[in-house]
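Can you keep this structure in mind? I'll have questions shortly.
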């Protein structure tokens, strides 16, 4: 019941209805519905192969499935990924997609949208504006790189980074955009604990400023700590949903997932 | 009617060779631009064994098919396998394959010249058939092509190696994890794919003149057949091959014969535009 | 000494002329392949479109500059047409469709005699400033003109690829799902890259016609596409400087082989085939062992994975 009242006061930024995706016989996502309120952090957990990443792909338009996806009051299923991204949603990839033959700095500077110099004629017509923008973008990139503790690598090719560093780069690139919804696929996997805590802090800071997060994570203590709500997936279905304390108590969740970790 | 017969004959050859191309495409995940030149290579080896060494045509065919397969296996060992080990990108493989295509075709020109050649066989009387003629060679082509396609179907669906090949073409990483000897299966894919190409090549030499560019000009119809039939769908490929063969021949009724080749280009582009997954479905 | 220079100068001019044309032609391909990752195996078609459009329009009375502009525009337009069905799909499809297009175009040029005079080819068209420049200096003039054009193209492309625009192109080459996820319209950028690359090839076509004074369908064989590929890869993919150097190396090498021709026991068709075998082998070996090219900028393309 309290759910209804919730909805009235808080605006849901993303709502998904009856989402489905099959790979041959595998029902990767099997009729999922969920709502995410603006300005919250939502954790998406579940065992390996539960369908979490597939859910991300469906929401961000990288896979086509069936069902209805509303983002900021607009239907986005059927839209190509770049249009969805422009609505103010950015996602990271579980396996980092570093642009290997570009430098770390270039990887970040690519990200911001509506760059004047991305229009071909502007390269000749609006040189000054581009120069100014480039400077701003570069400063911002360096700040973010510094936060993620990889500033010293800014001129290295991204292909030369270690696995964990690529993971950081992936996240840093997403942070370059100031989206309304940030979807992170296992942000803490392979990241050292101190830095992971620092990133958690940063996420909470951004949430305070109004950003919404949907985060897939296997590190249960870390994700429950920063989440306002946890959604548990198993075999393509959403099996539980609620505040972290509640989820931690649920026996069925413990059985499929938390049980293994003690 | 004559055009339909010709179309069916060419269609069988396109289908036969295209299945090999499609298998390699699905398994190794890149378009082998040298595939057509393996077809021509086979025809030339058969020609050489038949006319220069004076061997009867049937054993010449077998020798040629074996030689083509051997060349393919050699290429797998010195080019494709090392490149896979290096994690080469798909674009790298495509460019290497077009380099190989140039080398193969020009070796044929270098050795045998650019002119046309024929096997040393007596010209046999064709049968009349609703006002058209069909030669015994043409009948042989159609029958062999269909026999081989049935054989392939059996191979893919019933034998262990066939099942492994299909698993590989669905998902190479998954196949590797589940304990399939990937390199061995890839080798078999080359053997079968190029075996079909070589058979198509020697048969093609039976019904048209042999020339160095014969395989090259078959490449586009093959692609068209595959795209039409849906990539990775062997029955679609067969149907696609027949459609392309027929439309190429039928086009000569209204267009100059030089534009046969353009027909497959137009069909292919049109399919890509409206239904890139092929009209008979198949994996994307 | 003076005599020596007199002998070598025309020869040198020829090499430089042809190299500058091919450098421009290959720079177009480098934008497509080196910076955007598009595989265009029919680049020669755009060379042909540029050349034929220019000379045919000029012969039917249009001014030279207008004809050249039309040639460039039409080449770009055909890049657009070929890009539409292919650039949303995997990179293989563009490769297939472009190579098919270049073959079909050659058939059309050969067969539609009413339009192109078929295999007779076309000559007798105007060359830039031919009335003003004395004949014996014409090639020198042409060389200066071509080098100037090459300079303009080169510096424009350098500017382009070092801009945010170029950054997007490179990201597409690396992994197009990243720019997609960041909100860039990948398809549109690929299309633009193909259009610009094709238009540049069209310009090279017009230049080639001015240099040769005569064109026929055999001027535009598929091998020209692969010459451009060799130039791009030799000089180091994604390096405009390397592409210019690559053009110079390839044509110096080709004119070198003309001297050798007299000493090898090959017939003429064999010499042509031999050259193609070398090109094919070079393409294979470079891609297998030195994908970064001989002058590649650092290891920009050498990192695998």
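Which chain is which? They are A, B and C, in the order written, and residues in each are numbered from 1.
In this text, a contact is a pair of C-beta atoms (placed from the backbone, for glycine too) under 8 Å apart; a residue touches a chain by one contact, two chains touch by 3 or more.
No experiment lies behind these values; they were computed from the predicted model shown.
Most remote chain with respect to chain B, judged by CA-atom centres, is A.
By number of C-beta pairs in contact, chains B-C lead all other pairings. Separation between the centroids of chain A and chain C, computed from CA atoms only, is 43 Å. With centres defined as mean CA coordinates, chain C is found 31 Å away from chain B.
Residue positions 305 of chain C are each in touch with at least two other chains. Looking at the complex, you find that chain C touches chain B at residues 37, 39, 41, 84-86, 88-93, 95-97, 99-101, 103-104, 107-108, 110-111, 223, 226, 229, 233, 269-270, 272-274, 276-277, 279-284, 287-288, 291, 304-305. Within the complex, the chain C residues that touch chain A are 159-160, 163-165, 167-168, 170-171, 173-175, 177-186, 192, 238, 298-301, 303, 305. Taken together, the chain B residues at the contact with chain C in this complex read 30-31, 33, 79, 82-83, 86-92, 94-96, 98-103, 105-107, 109-110, 113-114, 217, 220, 223, 256, 258-259, 261-262, 264-265, 268-269, 272-273, 276. Looking at the complex, you find that chain A touches chain C at residues 60, 62, 80-83, 85-86, 90-91, 93, 97, 99-102, 106, 109-111, 113, 115-120, 123-124, 130, 133-134, 157, 159-160, 173, 177.
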